[in-house]
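To keep things simple, chains are lettered A, B, C, D, E, F, G, H, I and J as they appear, and every chain counts its residues starting from 1.
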Amino acid sequence: MLFQVEMTVKLPTDMPTEQADKIKATEKSYSQDLQRQGKWRHLWRVAGSYSNVSIFDAEDNAELQELVSNLPLFPYMEINVKPLCRHPSSVREDDS
Amino acid sequence: MLFQVEMTVKLPTDMPTEQADKIKATEKSYSQDLQRQGKWRHLWRVAGSYSNVSIFDAEDNAELQELVSNLPLFPYMEINVKPLCRHPSSVREDDS
Amino acid sequence: MLFQVEMTVKLPTDMPTEQADKIKATEKSYSQDLQRQGKWRHLWRVAGSYSNVSIFDAEDNAELQELVSNLPLFPYMEINVKPLCRHPSSVREDDS
Amino acid sequence: MLFQVEMTVKLPTDMPTEQADKIKATEKSYSQDLQRQGKWRHLWRVAGSYSNVSIFDAEDNAELQELVSNLPLFPYMEINVKPLCRHPSSVREDDS
Amino acid sequence: MLFQVEMTVKLPTDMPTEQADKIKATEKSYSQDLQRQGKWRHLWRVAGSYSNVSIFDAEDNAELQELVSNLPLFPYMEINVKPLCRHPSSVREDDS
Amino acid sequence: MLFQVEMTVKLPTDMPTEQADKIKATEKSYSQDLQRQGKWRHLWRVAGSYSNVSIFDAEDNAELQELVSNLPLFPYMEINVKPLCRHPSSVREDDS
Amino acid sequence: MLFQVEMTVKLPTDMPTEQADKIKATEKSYSQDLQRQGKWRHLWRVAGSYSNVSIFDAEDNAELQELVSNLPLFPYMEINVKPLCRHPSSVREDDS
Amino acid sequence: MLFQVEMTVKLPTDMPTEQADKIKATEKSYSQDLQRQGKWRHLWRVAGSYSNVSIFDAEDNAELQELVSNLPLFPYMEINVKPLCRHPSSVREDDS
Amino acid sequence: MLFQVEMTVKLPTDMPTEQADKIKATEKSYSQDLQRQGKWRHLWRVAGSYSNVSIFDAEDNAELQELVSNLPLFPYMEINVKPLCRHPSSVREDDS
Amino acid sequence: MLFQVEMTVKLPTDMPTEQADKIKATEKSYSQDLQRQGKWRHLWRVAGSYSNVSIFDAEDNAELQELVSNLPLFPYMEINVKPLCRHPSSVREDDS
């Protein structure tokens, strides 16, 4: 089941660089694990921003909550979720 | 080059059914042509709405404008565009 | 799987009373059928408004879309959807 | 008398973990007491967020204020209240 | 139990004067009846607008819904409701 | 001359309790003095919030500014003012 | 007593030119009368818009309501009012 | 003196095609005249919309108002104006 | 050339009183100099707020930027600018 | 390919002057390099603000992201991006 998740990172500007780097590295690793498992199906940067547009594939709302709330950057992001489903005009069989 | 396009359809509630059906059929055909050409890469319904989330793959901004402004439902939609690019944490080679 | 759905009815003020009454009667019947099936778990009026707060229980996002988009008042409503899941502090076993 | 209460937790990102954990534990205990008393009738997590949707059952507006303003997380939350009442299409006898 | 109700009238600009006058007269009569019963405790015009700020005194949320939704201008108004209760610093005994 | 004033208190979450208590006590005393003088005619808590809805009775705009800007909590509040006047449908002689 | 009033004209695009011209002529005459009386102290066009910024000088809120609600364009305008008073840094004696 | 002007065209969906085409042709001619005079310095389409971003070069605010309010599409557009001036980091001599 | 400038002061609540007083005194002096030069034509307090409504008379956009960005409180204010020009219904010769 | 980029600088008010000056100097140098390369085609100050309106000329969305995210002030700015393309009424050959 697909969800569009938009995330905007708002790190405190006074966070020490080392701490920020560490969180970002953990986030990257966590994100790539989920991508390889197929849970985080798409991940795009919004050009000119510190935001991304993502498509998650979760079993249900509860799994989405687990995936998103465990993001290392979760406390520092504004997150917007939209539940998705197959569009009647879609021609792709593997896209819902 | 990818763009996220969100569209919300707002047909006038007094549009005759026949006219609305005709526009929707033309829209569906136009959309499926673009999908088959690879220009309209993803098309999802936002659950519980008359909105979709789409990913377009256009040569440049000018082609995006051409693709979107020729949508038969264009005069009846609220449309929001975000330019996308590869995310540094993405693991998919074919997704930017 | 639960979803909170908020609906605000915006009937055109020039819709003939007979037509409005007919749509409302069909809506009521449709709503009560879904409630009896357990698909529409809760339905409350927001006091002082023509809005409701509802909790739907759907198999997945696709079923939610089917349930909501078939509402007779669907073309006349502003609708907002939030996916819900069990809260870690909830004490009710039957509420997720 | 029912109220929908939506709460979004915004803990300061520099709050010490120990302090945050203590407030959350007190909040959980407070919340579960109210749930068991029937004052906090429903509590759901909004998937992909640090927000909840709740239904409170209070004697009147004054009791709602007392219940909500005593939440241990009250100083750290954005809270939105909507007074609810029975919907004329509701089929549930115990839901208003 | 008190509620603040803000109402902004948005009559269609093409409504015939006679029809508008009739609705306004019915509204005035309805409003004055509720004021005399003590249900509509205060009614003020917001200066420079076609809006009012009102304080209703209703038994509960359900009665508020009944009072407000029966306003003759109800289909033509934007309405915002806030539940009120006694403020701990208030010195008036008769104001909650 | 009446004004509706809505105030939402946003104390910094790291303000020492003692300091906050002192400001609140001064605010209460200041508020009750104005209420007894008839300058602060009504004061209600918005249920489920740290906000109030107030009705001030001031000689003119200048006095309103003086009354509001001297509130001990003034630097910590979001404040919204609406000038009020008698509503043509009001039946109360003492309410404008 | 001064008030800032911002007005944005939104005439229906299908209003017959003759009718629109007549309302505008009446508005102009009404406006110039109030300006000559000193009630409408300043009137500026916001460049690139069909909006104005005005300063009214009224006895009280009630007179402001009378002046504004009698504008011939009143039913076709979005209007925003702010009560003004002397600024402690102002050097003009005649400007409050 | 430069101004950024953003315009979004909102033609009524029931305007006859012939009438719309005529207005658009007049608009195009008017726009190209101003561009050739150097008054309308830049004109870009916002990709995926019926909006443009423009840079006007006007003598003063009054001329900007004259240029913009005479646009044939003026009654059908949402328009936003920002006054511009030379940026201290700009390296272009001819761009302010 | 006139501009309406609205300013809302948002001093950090933890700024030392002495520092705040010093900035405010410099601001007052700067403001009164500009008023005496005729650059800052009007200055009003918005009643019940820490905001002002001002009318500036500047040679052009560049001078407006210079006048406003040199305000001692500039880093602590939300500022909104609207370019103004003579209104066709204005009767004042000296007001544009 | 052109993009409109609007940037509003929000430096923390407690950033030491020396640090702020250093970031601004680096920003200026970075900006002027990009301008000389033709990547940053226009740069204007919005009068009365700490904002700019810019036109970037980038190969694609990815290059835009690289140019913008490397701005020394990037962590301290609110940034809004709009993809642009040639307008059918434009008369300039070199402006798309």
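Keep this in mind: a contact is a pair of C-beta atoms (placed from the backbone, for glycine too) under 8 Å apart; a residue touches a chain by one contact, two chains touch by 3 or more.
The chain lineup, named per UniProt: A, B, C, D, E, F, G, H, I, J = Muconolactone Delta-isomerase.
Small disclaimer: the values here were computed from a predicted structure and weren't measured.
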Self-check item: Shared chain contacts [chain B and chain C, defined touch]
Solution: A
Quiz item: Which contact partners do chain A and chain I have in common?
Solution: J
Quiz item: What pair in H-J, E-F or B-C shares over half of its contact pairs, by residue number, with B-H?
Solution: B-C
Quiz item: If you average the CA atoms of chain A and of chain C, how far apart do the two points sit, in angstrom?
Solution: 28
Quiz item: Just curious, how far off is chain G from chain C if you go by their C-alpha centres, in Å?
Solution: 44
Exercise. Going through chain A residue by residue, note those that touch at least 2 other chains and give them in order.
Key: 2-3, 45-48, 61-62, 64-65, 81, 83-86, 96
Quiz item: Taking all chains into account, which pairs touch?
Solution: A-B, A-C, A-D, A-J, B-C, B-H, B-J, C-D, C-E, D-E, D-F, E-F, E-G, F-G, F-I, G-H, G-I, H-I, H-J, I-J
Self-check item: Residues of chain J defined as touching chain H within the complex
Solution: 2, 4, 27-28, 31-32, 35-36, 42-48, 52-53, 55, 82-92, 95-96
Practice problem: Within their complex, state which residues of chain D touch chain E. | Solution: 1-3, 60-62, 64-65, 81, 83-86, 96
Exercise. Please name which positions on chain E make contact with chain G in the complex.
Key: 11, 13-14, 45-50
Quiz item: Taking the complex as given, what residues does chain F use to touch chain I?
Solution: 3, 5, 12, 61-62, 64-65, 68-69, 74-76, 79, 81
